[in-house]
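What follows is a group of structures, each given as structure tokens.
Next, two complexes with chain A in common: one pairs it with chain B, the other with chain C.
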Partner chain A sequence: MTEHSLWRFSRALHRAINERQVDDLAAQIDDNVEWAVFGPIDMFPFLGARHGKAAVLDVCRQIADNIRVHRFERESMMLGEDTGASMMRYSLTALDSNRPISLRLAQFARFSNGLLVSMRVVVDTFDLVEQALGRQIHLPKIA
Partner chain B sequence: MKDRVTRQCVNDFLVAFYAGDVDRAVACCADDVDTITYAPIELFPHLGHQRGKPWVREAIRIQQQRYARRRAEITFMAVEDDKAATTIRVALEKRSDQRVVQFEIADFFTLRDGQIVTHRSFFDSFDLVQQVLGRDLTDAFAASVQDAMQL
Partner chain C sequence: MTEHSLWRFSRALHRAINERQVDDLAAQIDDNVEWAVFGPIDMFPFLGARHGKAAVLDVCRQIADNIRVHRFERESMMLGEDTGASMMRYSLTALDSNRPISLRLAQFARFSNGLLVSMRVVVDTFDLVEQALGRQIHLPKIA
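Let's turn to the complex of A and B:
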């Protein structure tokens, strides 16, 4: 039984972030990959949309320059024929400030011929911003 | 076979939910359905952690109360046995100022006996808060976040 592409991609992504080795990752991404991580790009410049392998590898290097993954837990995972989705809980550290961040995110991937052609990542960004600030943001109550 | 049932149930639930068809949406859920939507509950009191079918009715009621028009398009679905994950592009027209808020939701479902028993959901909540408030919060916080993170 062949290993699903999402497993391979996931390992390569973590290696790219924690060990700054992007070769494995590069081998698993289509040249025309569409990549989007929804979130405030003015605060976190490595979020947002990218197109093409070079841009994606570049943003992964940017992520590696800024964070280290300590632990992750797959809370849910679904593997379709050429699709995969997972809900993950990450424990990260912002490298320069050493600030710990706990992050929940969802990955939605599409593959073609074993290569990643689309990745969309949804993050609970309000929680992320509060953690990055180190305090709560007070919001008005709406009944 | 199980994949097909799961896909159909999740699709029926989402279509019914955004169409405001309470009975059909409730029928897709188990009595002990457990749902968590990760979002600030000051602004979204119907979200957070909820249990039981009444949540579905209440969530639809609050959305209908706040938004005049609701559109949703399923943009991704992965199914494996009794589990499914979707992304949905949603557009809601606010009754208060007729502005349309748009966002993408990630939903994860687990089914039991053909009904939804767990539901986990989240979205770019910072962006949605800004849209709901009609106010750009980025300026207020961007510098502080970048300082704190040393980005």
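Let's turn to the complex of A and C:
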């Protein structure tokens, strides 16, 4: 049985982030890839939408400039023939502040001929913002 | 072909929220269901973790007290035999303020014998908080 594209992609992505080696990653991304990590781009310019391999490799380099991945755990997981979705919990360090960040996200990936053609990621962004700021944001109770 | 449990559950959930009719929903939830919608519970007490059918029905009633669903769109979707994951975009109204809220989330559901046994939801919470507040939160640029 061939390894699912998601596992290969995941390894290459983590290597790109932690070792700044994007060659493996580049070989697994379709030229016309659609990429979106939803979140506040004013604070984190490496979030947001990108189109095309060059833009995605560039944003992965930006992510590598800003975080280091220590650990991740897949809390939920689904695999299709050319698709994969997972809910993940990451332990990161924000490199500028050296702050530890614990992050929950969900990713939906789609592959074609083994190459990533679509990646969409939802992040628990309020939790991320508070941890990156290093302080709580006061919120009124609305309910 | 039998209808997937996720579609039945999804209809019952939306009916529970918009019409405050939880009977259909109650019939589709396992007694020992695990439920978690990750987000700032200080502001939204109906987010967070719940265990057991009674607690989940109770939190669905709280959600119904606070929002109305106008529209939703499944942007990504995966179905397994007893599992379903989707990335969704909701158009809601916050009932206390009458504010429109556009919300992106990812849900991972697991069923056993047609009953929901696990639901985990990641929400783009920063976007949610800003819309519920009705103003932007100033963020420093960190990257």
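Note that the second predicted complex is superposed on the first by the 143 of 143 C-alpha atoms of A that agree within 3 Å, B and C clash if a C-alpha of one lies under 4 Å from a C-alpha of the other, contacts with A are read in each partner's own complex, and residues count from 1 in each chain.
Keep in mind that, in the parts below, a residue touches a chain if its C-beta (ideal position, glycine included) is under 8 Å from a C-beta of that chain, and two chains touch if they have at least 3 such contacts.
What you see is a predicted model; the values in this text were computed from it and never measured.
K.L.:
Mind working out whether A:A85 is in touch with chain B, chain C, both or neither, as first, second, both or neither?
P.N.:
both
K.L.:
Applying the document's definition of touch, where does A:A94 land relative to chain B and chain C: first, second, both, or neither?
P.N.:
Both partners, chain B and chain C.
K.L.:
In the overlay, answer first, second, both or neither for which of chain B and chain C A:R104 touches.
P.N.:
After superposition on chain A, A:R104 lies in contact with both partners, chain B and chain C.
K.L.:
For A:G134, is the partner it touches chain B (first), chain C (second), both, or none of the two (neither)?
P.N.:
In the superposition, A:G134 touches chain B alone.
K.L.:
Considering each complex separately, which residues of chain A are in contact with chain B in the first and with chain C in the second?
P.N.:
38-40, 42-45, 66, 75-76, 78, 80, 83, 85, 87, 94, 96-97, 104, 106, 108, 110, 120, 122-129, 132-133, 137, 139-143
K.L.:
Sort out for me which residues of chain A touch chain B in the complex.
P.N.:
38-40, 42-45, 66, 75-80, 83-87, 94, 96-97, 99, 104, 106, 108, 110, 120, 122-129, 132-134, 137, 139-143
K.L.:
For a test of understanding, state which residues of chain C touch chain A in their complex under the given definition.
P.N.:
Counting only chain C, the residues touching chain A are 38-40, 42-46, 62, 65-66, 75-76, 78, 80, 83, 85, 87, 94, 96-97, 104-106, 108, 110, 120, 122-129, 132-133, 137, 139-143.
K.L.:
Can you check the complex and tell me which residues of chain B touch chain A?
P.N.:
Residues 38-40, 42-43, 45, 76-80, 83-85, 87, 104-106, 108, 110, 120, 122-127, 129, 132-133, 137-138, 141-142, 144-146, 148-151 of chain B touch chain A in their complex.
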